[in-house]
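Both complexes below contain chain A, partnered by chain B and then by chain C.
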Partner chain A sequence: MHEPHEAMLYDQVLLKVEHLKRYFNTPKGTVKAVDDVSFNVIKGETLALVGESGSGKTTTANVILGRYTATDGSVFYKDVEIGSMPLTKRPLWLRREIQVVFQDPATSLNPKKTVKDIIETAIRIHYPKLNKYERMERLLELLDYIGLTEDHLFKLPRELGGGEKQLVALARALATNPTHLILDEPTSSLDVSAQSRILSTLLKIQKDRGLTYILITHDLAVVKNISHRINVMYLGKIVETAPVDDIFGEPLHPYTQMLLSSIPTISEEESKMLPKGVESRGEIPSAIDPPSGCRFRTRCPFVMDVCSKEEPPLKEVVTRHFVACHLHNKNV
Partner chain B sequence: MQGAGPLLSVKNLYVKYKSYWYTYHVLDDVSINVKLGEKVGLIGESGAGKTTLLKSILRVLPTQGKITGGEIFYKDVDLLRCSKQRLLEIRRKNVGMIFQDPLAALNPVFTVKDQMLEVLRYANERADMNKSDLINMALDLLRDTLIPDPERVLNSYPFQLSGGMRQRIVIAMALASARELLLADEPTTNIDVTIQAQILKLIGDLVEKKGLSMILVSHALGLVRKMTDRVYVMYGGNIAEEAPTSKLFNEPLHPYMQLLLKTAPKLVESPLTEGIKSIPIDYRNPPTGCVFHPRCPYGDQEVCRKVKPPPIEVEKGRFVRCHLYGSGS
Partner chain C sequence: MSNTSKDLIFVLKKEKEMKRERLKRAWFRFKRSKLALTGLILFSALLVMAVFAESVTPYPKHAETYVNFKMRFHPPDLNHLLGTDHLGRDILTRVIFGFRLAFIMIGIVISIVLPVGTVLGLVAGYYKGRWPDYAVMRFADVFVSIPPLILALSICAILEPNIVNAMIAVTLMWWPWYTRMVYSMTSAIRDEPYVWAARALGVRDVSIMFKEILPNILGPVLTKATLDAAWVILIGSAISFLGLGAQPPTPDLGTMVSEYMVYFPRYWWMIIGPTLGIAVLIMAFNLLGDGLREVFAGE
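Up next is the complex of A and B:
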């Protein structure tokens, strides 16, 4: 964790997700991509959504962004219900305030447009009253802030390195002055050498502008470096929620332990930090017909009788540390 | 790993890609060798020439890629000059390659069975082989790679299987022809960490069990650290450093490797750095002298700009191409 946690006010909720469900109908059956998920996002924090592909993290983000509407449940942003509001129906102020940075800048930036065009379009749409000189001024200010220079203005994405491309994508998101940024795997398509530049820029932006982030990733080293709290998701459910240090210090859910022990490390120091004994096995089952009871039971080394019968509730075990597991659900 | 000459040796290899207008100097004086039973890693960022090197070894470069100098020896066979027949035989029976993207490596319109049997048929040219033998071999390979319900998987099309499953099939197919050397090109990119851990353990176990040598290409540092004995660090079509894995990660010598390790996001408490200045290399006209000098914190010296550093043996088995470790002059 990168700064004192207490600095954030736990009662200042910016985004509230309540019993969110998102199902997709397919010829084979209904895919329950997100199945009854509730969490809060606190103003100014970075909340990480972690889990394997198929765990529902991107679907959750897409509902918040308005690319999908919720099948059931609700999403409140500053007390406005946005879960059932598709992107096209959203007012401009809302689109301005919630922005997104996608995984691969090579595909999220138009290859035929220059850096100037890419960022200016966002400014023009959201601030139509500015004339072209004011737009340019704003653009340069933004580039400078993000660590790019005027030299980049008339370059095409292919002329930039991976890290710089992602910075342009980030600048485009910032062009509208958002309050809430969704980062969908912002570093996973980048080389190691470029990753830390993006991460430190993200930290700087958050510090200066008080932005709230939702970070979707499967790279736990990234999570460790920039987030405050973690939601671990598995097959459409949240299985553990806790501040970063608690997750890394004392992971409670066997799935979290499995995730952590799977990280390849680059020094002895790091290896010592990770839990041993929960070796990764099996694959995430189909979300069409998830296992009964606890959804993780098919891969869990500690599986018990009760696991197949009852679904474990998400319970607060230590302060702010919630876990959904029968191992920690004894004192019902 | 004891005694004997290297299983594979690449010496002073130069590879160029030619387009209508430009020539791209992609590999520039690359030498590596792999001993019997050794696991060698190849680290470098995208565009460093890692895949080009592997493809040159198998001679499967795209048509605009030309090997313009150097030599590649597999045991005592000169891969650049041997007959087509000999080359095919080596590809079929000795060396297997795991390609990067499992979905692209598998043909979407054939079943797993069709594709595996084809590989197996060529890998085992014997008169007494009939189809049921081959199917049994395919099933064995699938079982080796810990695929549940191999009969069903064998009759599936690639799109019906999950990413982890497809990757296992690609590994199984590579193993069918890898009797001695396995080339693994980013075997676990785009795969979840949990599945990645499983696949790596699997590759590690199989390589151990079958006594294979391996070249593992990756830009993921942790992965290379875990899986290999010795590492080559590539940068801009050059081998920047060569060292035993543990030494490289404890005490990197080349400034590029030092920066990489320093800037990688870590789990232990450490401040994030600004990263390395990212300047994509223009292979049409690569930097003179040391290719890394435009990004190197020590690269402002004249010698770096003008003279290409030769490999310097710092200690036994550790080479570095950097003027900081001068030849004592």
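Up next is the complex of A and C:
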């Protein structure tokens, strides 16, 4: 588990998501990919968005990035409302500060551009005053920092390994000197050795530069290693928010318990550490017609009468540990 | 400081080396195919012949107005490898000048269609679902909806029948096919993560189109251009054959076929020259196109 570093203060909110909704109209009906989600991102932290496919985590990140605009609600970045601002309308400083690393480096790097061209584009746009040699100097520094060498400079993406490609994508994002990095499943398409290389590089960058990460993943091992806080999402809603130790030590929402108990384990010791009792069952329902009340009730082993009638609010049960579940909502 | 800039110069030099290395590899992929190599050799030979037609042909004067009734309908022999025609002109000479005309035609048509069609397709594909898409693609549909030869023929019929108008006709009917191809490729690529990464960096739309997307579609576009060049020759010849393109005595291959056809089969050799010429030219372009496809597919 990764200790929050000193610069991280809980009242320094960098990004604020308020009642964010993002619907998609399809021939089958309206898909409520993100349905009323609110959370804060604190400066210098790694906030993980965790959930199955279809939980809305990637859509949330895409709204923050500007790939989609919000259907309703808002996203504030340093008091600027960016949720309704598509990427192409965003000012350059905003694009400099919020950068992204995509899931699959094989498609996130232009196959026809060399590593040098890819990173240089980023430097050229955000530091137009630098000349060719200064740019090159900066590029070499960056490459060295990220753990690549001069030999990689004129290679095309297809001539690089998966981990190296992802490092290049990371270097491109860092070239602008961002404050905020959206990591969209940065390791899920890589093999294990490359994964650990990326993760340790991410940790190093955060330690050196105090970057804020939003980490989208379904890999709980990755989450445990590098994040400070976790948002567990289910069908477009946040069901639980807590610091990483609380989530792994004392998960409150049945869905979180289910996710944790479905981590594959090898040794018996490992499996003892995981919560018991909640077996994974069923599949995530359609976001076009989500269940009434609590959306998880169709798969929940502790389902009660109230669950289908009322939607549980996200409530702080323990300090900084929020959960949206009727099991923990009795005293209201 | 001076030390680092020396390093930088060294690094930039290395970039050139790497580029050369990639060209070498592309050439290796091309020459692996015997047919592609044949196409290239054939193409170069035809091009050299066309450029230096005055020097390589035995009777350069026979290309235009020239009459020598003593030598008319002379069957092939060592002096006239493909025989002579009804006005006593050397057919080999005229075929080689025909190559020149064909190359000029392809050159002009491609240098208009390729950039115009590509840029329009890029813009329409990049702004798919917005007004540039509708404006460009519906306009292209108008041209695509008319059968190509009919369109070309009607344009030539409306304008004066000559070689320039034949080129205009071919250009007009050909550009939408490029635009459509580029459009479909661009609209697929514009949502690739690397394009989104470029947008996140703040790369402008025009730069995304030309620097991120274009390099990725250039291979298929150039391949198509080469393969289509053969088709331009055919259509151009067809227009001329029907009397709406180049007029006699212009040494156009299609015009020659239509002129000489009437003497078939009695003076059979007359028709052999220009038809063989068209066939060889088309084969050269097709083989070359296949080779290019190989080069780009290997990447």
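Here is the rule we use: the second predicted complex is superposed on the first by the 327 of 332 C-alpha atoms of A that agree within 3 Å, B and C clash if a C-alpha of one lies under 4 Å from a C-alpha of the other, contacts with A are read in each partner's own complex, and residues count from 1 in each chain.
We take it that a residue touches a chain if its C-beta (ideal position, glycine included) is under 8 Å from a C-beta of that chain, and two chains touch if they have at least 3 such contacts.
Nothing here was measured: the structure is a model prediction, and the numbers come from that model.
Taken together in the superposed arrangement on chain A, chain B and chain C fit without clashing. Across the overlaid pair of complexes, the angle with its corner at the CA centre of chain A and arms to chain B and chain C is 70°, in steps of 10.
By the touch criterion defined above, A:S262 lies against chain B but remains apart from chain C after alignment on the C-alpha atoms of chain A. In the superposed model, A:G162 lies in contact with chain B only, and not with chain C. With both structures placed on the common chain, the touch criterion links A:T176 to chain C but leaves chain B unconnected.
Contacts of A:L65 after superposition on the shared chain: chain C is touched, whereas chain B is not. By the document's definition of touching, of the two partners only chain B reaches A:S200; chain C does not. Shared-chain residue A:K113: touches chain C; no touch with chain B. Shortest separation of chain B and chain C in the overlay equals 7 Å (C-alpha atoms, whole Å).
Comparing the two interfaces of chain A, the one with chain B and the one with chain C have no residue in common. Across the complex, chain A meets chain B through its residues 52-53, 159-164, 187, 191-200, 203, 218-222, 224-226, 248, 258-259, 261-267, 269-270, 273-274, 279-281, 283. Of all residues in chain C, only 4-5, 8, 11-12, 14-15, 18-19, 192-194, 196-203, 205, 211-212, 215-216, 299 touch chain A in the complex they form. In the complex of the two chains, the chain B residues touching chain A come out as 45-46, 162-165, 192-198, 200-201, 219-223, 225-226, 249-250, 259-261, 263-268, 272-276, 278-280. Within the complex formed with chain C, the chain A residues making contact are 65-67, 87-88, 92, 95-96, 98-100, 102-104, 107-114, 116, 121-122, 125-126, 132-133, 136-137, 140, 150, 153-155, 158, 169, 172, 176.
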